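What follows is a group of structures, each given as structure tokens.
The two complexes that follow have chain A in common; it is paired with chain B in the first and with chain C in the second.
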Partner chain A sequence: MTIRKLKLYSAAAALLAGLGVHAATAQTLNVAVPGNDMATLDPHRASATLDKNVINWMFNGLVRTAPGQFSLDTIEPDLAESWTISEDGLTWTFALRQDVSCQGDYGPLTAKDVVYSLKRAASPETSSYAGDYAAFEEITALDDHTVEIKLANAIPTVLGLLVPFNGGSIICEAAGEALGENFGRNPVGTGPFAFAEYQSQQYVRLIANEKYFRGAPQIKEILFRYLGSDSSRDLAFQSGEVDLVNGRFEESWLNRTAQLPDTTVQVLGPYELHQLHLNMSQPPLDDIRVRQAIAHAVDRAGLVAFRGEMLTREATSVIPSGYLGHEPQDLPEYDPEKARALLAEAGYPDGIDLKTVQTTLPAMLTTMEVVQAQLAEAGIRLNFELVDHPTFHAQIREDLSQVVYYGAARLPVADIFLTQFFDSRSIVQTPTAVTNFSHCDVGDADITAARTELDPEKQKALWADAQRKIVEALCAVPLYEMGQPYAWNNKVQFAYPLAGSLNLSPMIDETTRLAN
Partner chain B sequence: MLGFVLRRLGFAVVTLFAVLTLVFFVIRVLPGDPTVVILGDQASAQSIALLRERIGLDRPIWLQYVQFLGGALRGDWGTSLVSGRPVIGEILNVLPHTLELTAFALVLGVAMGLPAGIWAAVNRNRIPDYVTRIVSLLGLSAPAFVSGIVLLLVFAIVLRWFPVISSGQSTDLWGKLRDLTLPALNLALIMAAYVTRVTRSSMLEVLSQDYVRTAMAKGASGTAVVLRHALRNCLIPVVTVVGLYLGILIGNSVLTEIVFNRPGLGKLIVGALNQRDYTMLQGMMVIYTLIVVLVNLATDLVYGLVDPRVQYK
Partner chain C sequence: MSKATDVSPPARRSEFMLLAGNALGATRKALTHNPTTLVGTIIFLLIVVLAILAPLIAPYDPVAQRIVNRLQGPSWAHWLGTDYYGRDILSRLLHGARYSLMIGIASITLAVIIGSLIGLVAGYFGGRIDIVIMQIMDVVLAFPALILGIILVAVLGASVTNIIIAIAFTAVPAFARIARAPVMVLREREFVQAGRALGFSDLRIMFRHILPNIVPEIIVMASLWMATAVRTEASLAFIGLGIAPPTPTWGGMVREGFENILDSYSVALFPSLAVLVLVLALNLIGDGLRDAIDPKLAKNA
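For the complex of A and B:
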């Protein structure tokens, strides 16, 4: 190579390098999530995790879980400074902070805005969570900074419905009215970050809300990017184009990412509970011995070893641990011999065949393949009907699967999980159906009584009874709990320990820093 | 020629109508509907029923079809069932990104494939021919998501010449080129392989013709013979492949768009299919059909430019 050519090549390389990698300013936090696009950023409408992830940084509730925490035991004031409860527990009065402004030019937040927002959350016309607020009989502004909520009957958690999650996120009336149907594309809240821009299939850009009542955020901009390809999302994190990434549900991802320099890897809560729902309405699963056989054939420890011990832990009940009212249960031990004996006793010495509608979503399919192999040891043959994910959701609700493998996290109160999965009113293919795939009804009385029980201890006892009965009847076989894998560059500095967040993204607020 | 174009456009309308009808019914036969996506998996049967009523999914399918056709004729493609945003707006938002990517890929594909094919043909059964054939076979066999990751690893992670996120945000020319180069190269690889192989075989055939031998005999240089006499005559099959392939490129862009994190039609259609977003899928099918029909028409017209013997009746 001649000197001249060498010079030419070096110049070209320098030019390309100069053009090269995005050098994001220190003030911009780049976040990447798996997914293609945003659906809506209206907190009362949004149901997709990706949408909730970004809503998390824009809104406040009357109360909130402590920063970095998701347990309802940590509830503390947010927009409300304090609150009082009437003796019958049915009237709640909230005194609001007086220094809160709506983002943009929508003025100060007053009690009128809170009333508007909660009524909006309670209306099926404007909210996907209207059902949660059915007991909110009257919501009134007593003065500019006092809100009163009257309940028709006691409900398991009032404060849980007033944290900035789903319907609890407070929207300013002027913005809600001015933007109407377009609110989901131009959300306006009171939180540390304000919506600035949305680029279809690319990103949502948030900017610091300099008027935030707890102080102006130190991070000035958040680029929330939709990067659908797992591999290139990892590469973007590796190249430094992304500071905070929502990872893959794989132990190997956690291990590999933890090897990168200056990187923190953490599994955040709340944990999803994965279980097998057994359709008790039809043979052979209507026989308790067959369900017991399945429960004894499942090796929970083996599943946790397969999915990884950083990401998952063994399930302990039919609701996730850490939920208000969760009570660990004695789950059937792994014993394939006993499983075979039970099957023989039930009249199936040659084993049984069960139809399972199964999604092809890789993380769920691989787990079920392991379960299939475990059950086969005991002579229980799971015959998969493999379908894409939307078809899976449709067919399990049409009662077409004898065994339904489902993973879920909910507002961390026992009532919601128990009601949706085990209350007979939620049985699929009924007018009030939700996700009771097993046709379970053994916990009905306790679940109903707990819902309106005012004494917290009695309420917990009722929930514990419901869990015990559901486990004994084996409506479902709990498998494991799985958290949210996240990784971030150590430039991102959180001011408090992170356990997780209800909206499944780490809380980024006025205290979060981006070091140079 | 005008009559030819008009007649072809007439056929296009019939094709569009047939595709629309087919798509309308096929996506509704698929199990699953958008309501669970919109309301989330905690929705009760009641709220799902309410929503089905609100967005009209409870009406008889023929009525939905008539209403849809009526809207389509008035230019109203409806709003996305999932996001509530106008379908046409969503498509037009991302269409330029896909067109830009495919156009650049097309140029790169031809720019790489044509010379390689000629080079292989004139060096038939010698080392350059073998090398070209093996490389083009590799190009044909490597799926876009594998070649894409390899390109990213080499050029974005090791050499750091290009960004991993080619999101097409830059407004200046350099920025645009930087965002576009790797994805376009990735998309162009398969096309270049096709073009190479077709050019090679077409050129070999032309080179065996009498007039080429005559040109050689009168003493013209090898380069002049190939470029001035043979090239234009070997282009007809190449134009056919390029035309056919443009439609395929637009369809194939989905993997490249996802791997390189670019917005585009491919990402939109995958999302719409996963969410059973009927209105969006319908709108997208119209766009895809239109593109394929127009590209085919353009290909037919290019024949005339390349070969004066082609006449349009």
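For the complex of A and C:
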């Protein structure tokens, strides 16, 4: 008996000791985000913020914005060591690094992979961002480590399309071919972290890519957890269960969380522009007076007051401020009386009912509940159809929502935002569909002309015209611009100052540390 | 033939009177014999009256938002405080009671009618019909009510009608079982045998002679299940399968309150208490009624 007991004790002690050692060396970064599930981790497909957040840590582009930065002014080499541009600006030649390998057993990265990846990003069959790469006429591998891109015409930014964001993330050919449709559930990149595991509605687990060309990451594992409930996420962060948290989109949260010991709170850029896209192809929204009524019923200042000024600012146009080509517009004033009058004039003296598919994501649903109340004052009844976030993204692309509430940040160039949301080629349910939910086409001519305009002044004027026409036609009602509220335990140490990231999550790479 | 048609109208009335009489009898007995039942009934009736009068007595519009007043604690202006959008919690509770009660009563009424009929048929005819029907009921009963509710509402979509259907569906087997057992006993009793010997139709025996005898059991069950229905509705709303905003429902309010519990306790507390009080009242009524119709307890008293 006693000997057996002794054995049991020693076994238990050994186990405990083992656990202790494990805990001390475990470099697991726990991240929690407000959402319920992943949709796809294919960078050429992903459109949900939560998905981009993870993609951010797995992929490289030919170039990148400086770590912690998102401005295109900070572009520096990533997979490409250097590049040259022909005199006419139409031929770009990139020399690749030779020490890059694909994650898993997919071998070294060569020019062939880059060609495959860019063609994949440019094909509507495999990419949601194909439209961005329409001007990429020829993509060829000159040798194993040289890629040449020939453009059909000049475009506003070439390097911007080659950063690891949306179509610019480079996918290895062998992995893309082998995994096919399953790539979104088994992404393979070249970045500091590699995909390890996905548990539906629970988490995505990433492990350090020990062969990463900039060196093995110090953090060995990232657990990206879906904690949809705001309170649960807050409590998990307070108790130390979570190290890095995408918080509540609210000033009170920023203030309260900043009071916690050893905690850094920061609003990260780029600010996303939130707007209501009005489906002009269906009654009653095909009547411009009804759309004007909605625009006059929305109180932008009230929405900013609701979210807080630390986090949000009023929208000024149908593209986010600060983007190349952004021009502030005269947006309709808040005037519920005028809205009622316009509705009556359009033949709806008793108001109208509109259907909107709405995500249950708290940050978006709460805003829409405020918008719903604002519109109700003018007799516009917004009826919610509540669905989870991936379903929301699917259904708004099937034209099932008369009013689509969408918040987005893109490459900070007017062309991309205007093309994706307001060019008629991007209308949902068409072969070239992107995110034109409103069936807007009033800016087509200007957007197209600006894309190939070489004179920067004329280009800006064209973009300004497009914005003015879209605002006048009320394809969309801009609400506000909002940053990403993040908080992290000071154990998490970034090697550079953080301004934000195009993928809306703080950059975690080989230099990020977890101090114990 | 003509004689039969002359007689039938008064017969029908007496049938109804018989049913109502039995129900009233049991209720009266429960109220007079058991003080807790009286308390439960008073609370329940109070909630019903408040719900009916909600549009008249609610101090504010339940959906009017005032962002500047958000997440306030109880005060003279807002007795129970305000929610995340600055809406008055008391007003929302009063209006929310209408949905809780309406869904509870409608779904249980539906379940009582369908479930009793199924139980009556199964118990009266017995044999293969009984086996098949009750096996199906057992399968449905094997699912926890909430899970079944979630599946149905998720498939049908969250609207008042669908929530009523979903909750009714989960309660049907319970009523089928409760109706079937006494029917099987009554089926063999002399008065039923006599009815058969006189050539009465099955329908007449079932509805006129057996149904009135099982009504008390069903009423007890209905009051207890109504508590469950209120809870199920609140649970569905809590997990996001309730009526879409801005309609105030108690479960939806608890959910919203839970999201803001670190900023203000009152948003979660008061709707939770409201659910608690209503469920408690219904359980008190149900327990009292059960005691009243239980012959064993009656003898002891």
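The criterion applied here is as follows: the second predicted complex is superposed on the first by the 298 of 516 C-alpha atoms of A that agree within 3 Å, B and C clash if a C-alpha of one lies under 4 Å from a C-alpha of the other, contacts with A are read in each partner's own complex, and residues count from 1 in each chain.
Assume a residue touches a chain if its C-beta (ideal position, glycine included) is under 8 Å from a C-beta of that chain, and two chains touch if they have at least 3 such contacts.
As the structure is a prediction and not an experimental result, all values here were calculated from the model.
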item	value
Chain B versus chain C as contact partner of A:G184, first or second or both or neither	first
Partner chain(s) touched by A:E385 [first = chain B, second = chain C, both, neither]	second
Contacts of A:R225 with chain B and chain C, given as first, second, both or neither	first
First, second, both or neither for A:K338, with chain B first and chain C second	neither
In the superposition, chain B vs chain C on chain A residues touched	B
Touching partner for A:K150 - first (chain B), second (chain C), both, neither	neither
First (chain B), second (chain C), both or neither touched by A:A373	second
Which superposed partner A:F306 touches (first chain B, second chain C, both, neither)	second
Touching partner for A:S200 - first (chain B), second (chain C), both, neither	first
First, second, both or neither for A:K460, with chain B first and chain C second	neither
Those residues of chain A which chain B touches in one complex and chain C touches in the other	229, 231
Chain A residues touching chain B - in the complex, by the definition given at the top	13, 16-17, 19-22, 36-40, 47-48, 124, 128, 130-131, 181, 184-185, 199-203, 225, 227-229, 231-233, 235-236, 238-239, 241-242, 387-395, 397, 408, 410, 420, 426, 430-435
Chain A partner contacts - residues on chain B that touch it in the complex	30-33, 36-47, 50, 82-85, 90, 93-94, 145, 148-149, 152-153, 156-157, 160-165, 167-169, 174-175, 178, 258-261, 263-264, 267-268, 270-271, 274-276
Footprint of chain C on chain A - complex, ascending	229-231, 234, 252, 256, 302, 305-306, 360, 362, 365-366, 369-370, 372-373, 376, 383-386
Contact set on chain C toward chain A in their complex	63-65, 67-68, 84-85, 157-158, 240, 244-246, 258-263
